[in-house]
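Note that chain A is present in both complexes that follow, paired respectively with chain B and with chain C.
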Partner chain A sequence: MTTEAIGTRSTPIGARTAVLAYLAVSGVVLLLMMLFGATMRLAQAQWISLDPTWFYIILTMHGAGMVGIAGLSGAAVMWYFVGRYVPVSTAVFLANLGFFLVGAVLILGSGFIGGFAAAWTFLFPLPAHSGSLWSINAAACYLFGLISIGVGFLLLHLDIVRGILSVYGGLGAGLGFKQGFGLAPEDTGPPPAVAASTMVAIVNIVGIVFGAAILVMSLVNLYVPSFTFNALVAKNMIYLFGHIFINATIYMAVIAVYEILPRYTHRAWKTNWAFYLAWVMSTLMVLTVYPHHLLMDFAMPTWALVAGQIISWLSGLPVLLVTAFGALTNTYRSGLKWDAASGLVFLGVAGWAIGVIPAILDGTIAINSVMHNTQWVPGHFHTYLLLGMIAMMLGFMTWLGGAKSPLGLAPVGFWLYLVGGSIFVLAFLSAGSASVPRRYAVHLQAWLPYDEIGSIGACLAIAGVAILVVRFLAGLRSAAAGGDDSVR
Partner chain B sequence: MSEGRLLAAAGFWVVLWLPPVRSALESDMAVHMAVQLPLLIAIGVLAAPPLRRFEPRLLADADWLGIPGLVLAAFATSLWMLPRMLDQALADPLAELGKFLSLPLLGGLPLGLSWRRMPGLGRAFVWANFIPKLGAVGGLYLAAPTRLCAYYGVDQQAEAGWTLITVAAALGLVSFVAVFAGRPRAMFAPHDGPA
Partner chain C sequence: MIQDVVWGVSIVLMGSLALVFAWVAAGADISLPDYGPAIASAYRLRGWLFAAAVIVLIAANWRTLAELPYVSAATPAPGATVVPVDAVGEQWDWMVTPNAFKVGQTAEFHVSSKDVNHGFALYDPGMRIVAQVQAMPGYTNILRYTFTQPGTYHVLCLEYCGVNHHNMKTDIDVAAQ
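So, the complex of A and B:
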């Protein structure tokens, strides 16, 4: 089937401004969080001095902030494009931004004022056992911050579900379930943006529901410590929520690939039964793959760990394959003129595809037992998030607002980001393969070369992203006024 | 039809109040929480449509988007989820009467009146929050370090916890299947309030 991906409905100015607000917040917070990350790498390289207490606070803030900003910017991509096919509410979209900002303030306050440093995963019972490094109130502040962000995203996804139901009648139809199994003609399937948004809504609502339950229970435990619960159950719930949420950011951002590349190539994105089946399969697998985060938990049932390994090998592949194949066929001999926006979107697919390989390795029990606590782990997730998801987001940002910017330099920003980001993730992966541990504030002398190279990569990547974000911010006013979504 | 619903609600209430039925439904903590309390709420919901025309205009106007009514229902129902209140209902006939009156009148009735005023998104949000919180309450009953009710043993407490978790899981599954298959009327049907 050939979907009508090329501008079916123009976006009202109010909605466009809202999306630009999302991207502006995302860009600024992204840069701030990248600076936090670079600070940690520079400290590990011993190029700057950083108190270990502050290292773990920054580690927590960096993790929570990056996950949040990936979600927020991914939501901007998804909402902008799905709003062309189904009715969505700008008020709800802005409410999500409001809840996010409240949550961000609470989380940053919990860390930089309250000293909360239990990592973004807030694994039970750590928030309540700080060793006097942070107070119960600081931990509660962090958990309330996450709840606030969760409330906003729940509203947003429910609103999108409402829109999908009003047009397609059911989430199965929005996902292209029948088309995926050959029960309906391919040409009656939903556009890629709708299928992706349906999948994200399903998995994220489930994830947020579990996240809300464990957050409430953790809050009770903070103030009534005698209320304890099974730590392994808590870890399962946290990783179910955490894995789904961060994974969903990629599936939101990938909509930029489906929608922006066709505008450059003047070829509509082709969908068929395999495309829809891939999204159905990924929906199931994203919901069930999280045990690969618990491969070192010996108390987990063996079947769950084996399932986690097998599903890890398969989880990202269906959508990745149809997307990568689709991107290649869409661009091959299309005569498109590459620019920073199209390059970033295309790079996003490549970064995602490359990042999945070390992820699959890490999802293998035999390898995970050696690599889990090494820098291999931040290496793989930085590959598909920094060079995958964030690349797609930056591509969307550049496409939507960058062309209106009075500043040039987009190619400079692109190459600095690509080269710096590649050096950065390779330093992590190399260090991981040499068994350099992750989450250590202080490193041995032998580990420093990896940290130094990683620091250089981080600084280059930050410079590149800074150029792209500043360009976007400089062109905000004219971007808000413009409504031209054609190729620039 | 309206009178029929009211009669049915009243009859249902009387049946639940009968001592043999009451003692059967209150002998077990899980049945008390997962059967009797919801049935009392359901009586109020059942009575809501015929009583709607008697609702004072002032209250109807004040029930903006159904939010005040839903908040009242949430407080009334949450109160009777507390172990202390379950004990109180068993120990004191006045408290028992309070439960039998407050759950239909302050829980079910406002729920039935306000639900239709709430926009679809609000209903979905309430529903999506209700399910995990029900599961979380079940989890807290399971995790409780001590016996919480004087009238129910620790084993019944654990059973109640698992029952609530099971009900939450079942509600989640049924809701998902309904929305996936395309029958989400309960959540997204047109509402009476302003858009």
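So, the complex of A and C:
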């Protein structure tokens, strides 16, 4: 049995404009953060000169900025489509953008004015141990920036929960819990956008609460140094929050695949028991898998680390056997005519699925012993974020606004992005297997070839994304005027 | 080394998956007159893939979980001499005492930090990681490693710890037996 993927409500012009504003901000910040990333790779390759102090400031801004726009653009995808099935508030949606912009200004100010460089993960007690390179106020500015962004997302998820409850009566029903366990007919389950939005709301609300707690604790520690807490507990809270938030960005963005790909293939997305069970299990696994970030913290209970490894492996099953398999079967000999939008959302699923492989391997304790915090780590997460989540976002952006753009060149942008992105992530993974550390401002001569190849890939990927984003921005005015996108 | 195996396995699996996506994408413009039999076959295939994945998952976890690096599981090599070693991290230095060993000796590193989180990574003379553990304020983590070749091993910090992170390193000399 199937559920028709195309929503029953249309998107009002005001709401559509708000989504376009999200995407415009995301596109511009994405390009800026990609330039930061390329700057670091070029410095590691010794093709440009960059003071290590600035390297680590840029590292911190790049990490926080990329996580932020992944969340922002993922929210745009989710809100646009879930709003077709449940009532959601445009005011709350815009408030989230406001909180995000305030947070972004605070974070950029903390780095480029205050010199804050404790990495986006702000591991306690590093924010208070700057080596005289940043002030307590600069660290506080960064932490307040993250809190502002968290508050915005919390409001957004609560509003979506309100909408889901008003239509489905409970989060279990929104997730398709009964359908997943065969307790209700498959065709009575929620559409994919609602199931995904329910899952994201559940996990992100939990993650943001933990994130807010550790942010406030870190803030107090800055101004009252005698207030300290357990560094391992702090690390658990940070990685619980960080892992959930960044993973939720993919689960928001994948809604673009569920909604856009069927419009090209003219085949509804299959929502059977396996689909709902996958989302229920993903909810549990995203909440519980974070100890795989702590496999080298020998003070952790061994059972938690063993569980982290096993859940890491299990969490690959829904991605590979449900979403990736679903995209492949939906596309297989469907008569689809490829364009940049459909190509990008399809690529997004491929990037996600392919990135799962090195991620699972790194989540294996015996392998993590020699791969943890090498460039294998940015290698695997750039695979499923740069070539997965961001591809889905760019696909949505191109689908929503790109068709109305006066500029051509979308295929050129697509291929530059794909080829450059692939070179970029493979350079990271290859360097990781050669034990090159991540987050090093200065590299040994033996490591430079990886950096040089990675730099070339980064520049190509930026050129491709720049074409896609500029194309979108050029067509913004006509895209805002709207149109019936359900028939495209 | 294990890194080479992981790299090779990753390239094969990632490449295979990429080829499947490319194959489906290349044939997507062909329109199947009847989708029903194709989707039925696909679901049967998914059942087999699920079974294979479960077998691989169980086998891989069974095999790898038998080799935990945690000190409760990492027994010294038979006949090896265990040498206790203090390894203390502090922005941006390692103090490793003693720092000279012989091939075949098992160093039992007691790793701690005086300030922030650091990562104690042991590199062999060929600059490949052979073992690592986090150095955390308030904790002493124990890492055992048996030296297998003579030369200069290196300790690098692998947890970002501030603006001189990349210079936080020291050497360990290992002599032939």
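Everything below uses one rule, namely that the second predicted complex is superposed on the first by the 481 of 488 C-alpha atoms of A that agree within 3 Å, B and C clash if a C-alpha of one lies under 4 Å from a C-alpha of the other, contacts with A are read in each partner's own complex, and residues count from 1 in each chain.
Throughout what follows, a contact is a pair of C-beta atoms (placed from the backbone, for glycine too) under 8 Å apart; a residue touches a chain by one contact, two chains touch by 3 or more.
These numbers were taken from a predicted model, which means no experiment stands behind them.
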(request) Consider chain A as the common anchor and indicate whether chain B and chain C clash or fit when overlaid. (result) fit
(message) Applying the document's definition of touching, compare chain B and chain C: which contacts more of chain A?
(response) C
(message) To make sure I follow: the centres are taken over C-alpha atoms, the vertex is chain A, the ends are chain B and chain C. What is that angle to the nearest 10 degrees?
(response) 100
(message) I'd like to know which partner A:L320 touches here: chain B for first, chain C for second, both or neither.
(response) second
(request) Would you check which partner chain A:D297 touches, where first means chain B only, second means chain C only, and both and neither mean what they say? (result) second
(message) Looking at A:G172, would you say it contacts chain B, chain C, both, or neither? Reply first, second, both or neither.
(response) first
(message) Tell me the contact category for A:F210 with respect to chain B and chain C: first, second, both or neither.
(response) first
(message) Just checking: does A:L155 make contact with chain B only, chain C only, both, or neither of them? Give me first, second, both or neither.
(response) first
(request) Go through the superposed model and pick first if A:S478 touches only chain B, second if only chain C, both, or neither. (result) neither
(message) Considering the aligned complexes, could you tell me the closest Cα pair distance between chain B and chain C in angstrom?
(response) 13
(message) I'd like to check the shared interface: which positions of chain A are touched by both chain B and chain C across the two complexes?
(response) 230
(request) Enumerate the contact residues on chain A facing chain B in the complex. (result) 89, 92, 154-155, 158-159, 161-162, 165-166, 168-173, 177, 202, 205-206, 208-210, 212-214, 216-217, 220, 226-230
(request) Would you mind writing out the residues of chain B in touch with chain A in their complex? (result) 120-121, 124-125, 128-129, 131-133, 135-136, 139-140, 142-146, 172, 176, 179-184, 188
(request) In the complex, go through chain C and note every residue touching chain A. (result) 1-4, 6-7, 9-10, 13-14, 17-18, 20-21, 24-25, 27-32, 35, 38-39, 42, 46, 49-50, 53, 57, 60-61, 64-65, 67-73, 91, 115-117, 119, 121, 123, 127-134, 136-139, 141-143, 156, 158-167
(message) Looking at the complex, which residues from chain A come into contact with chain C?
(response) 52-53, 56, 59, 117-119, 121, 123, 125-126, 129-131, 133, 230-232, 235, 265, 267, 270, 296-299, 302, 305-306, 309-310, 313-314, 316-317, 320-321, 324-325, 328-329, 331-338, 343, 346, 349-350, 353-354, 357-358, 361, 364-367, 369-374, 429-430, 432-435, 437-442, 444, 446
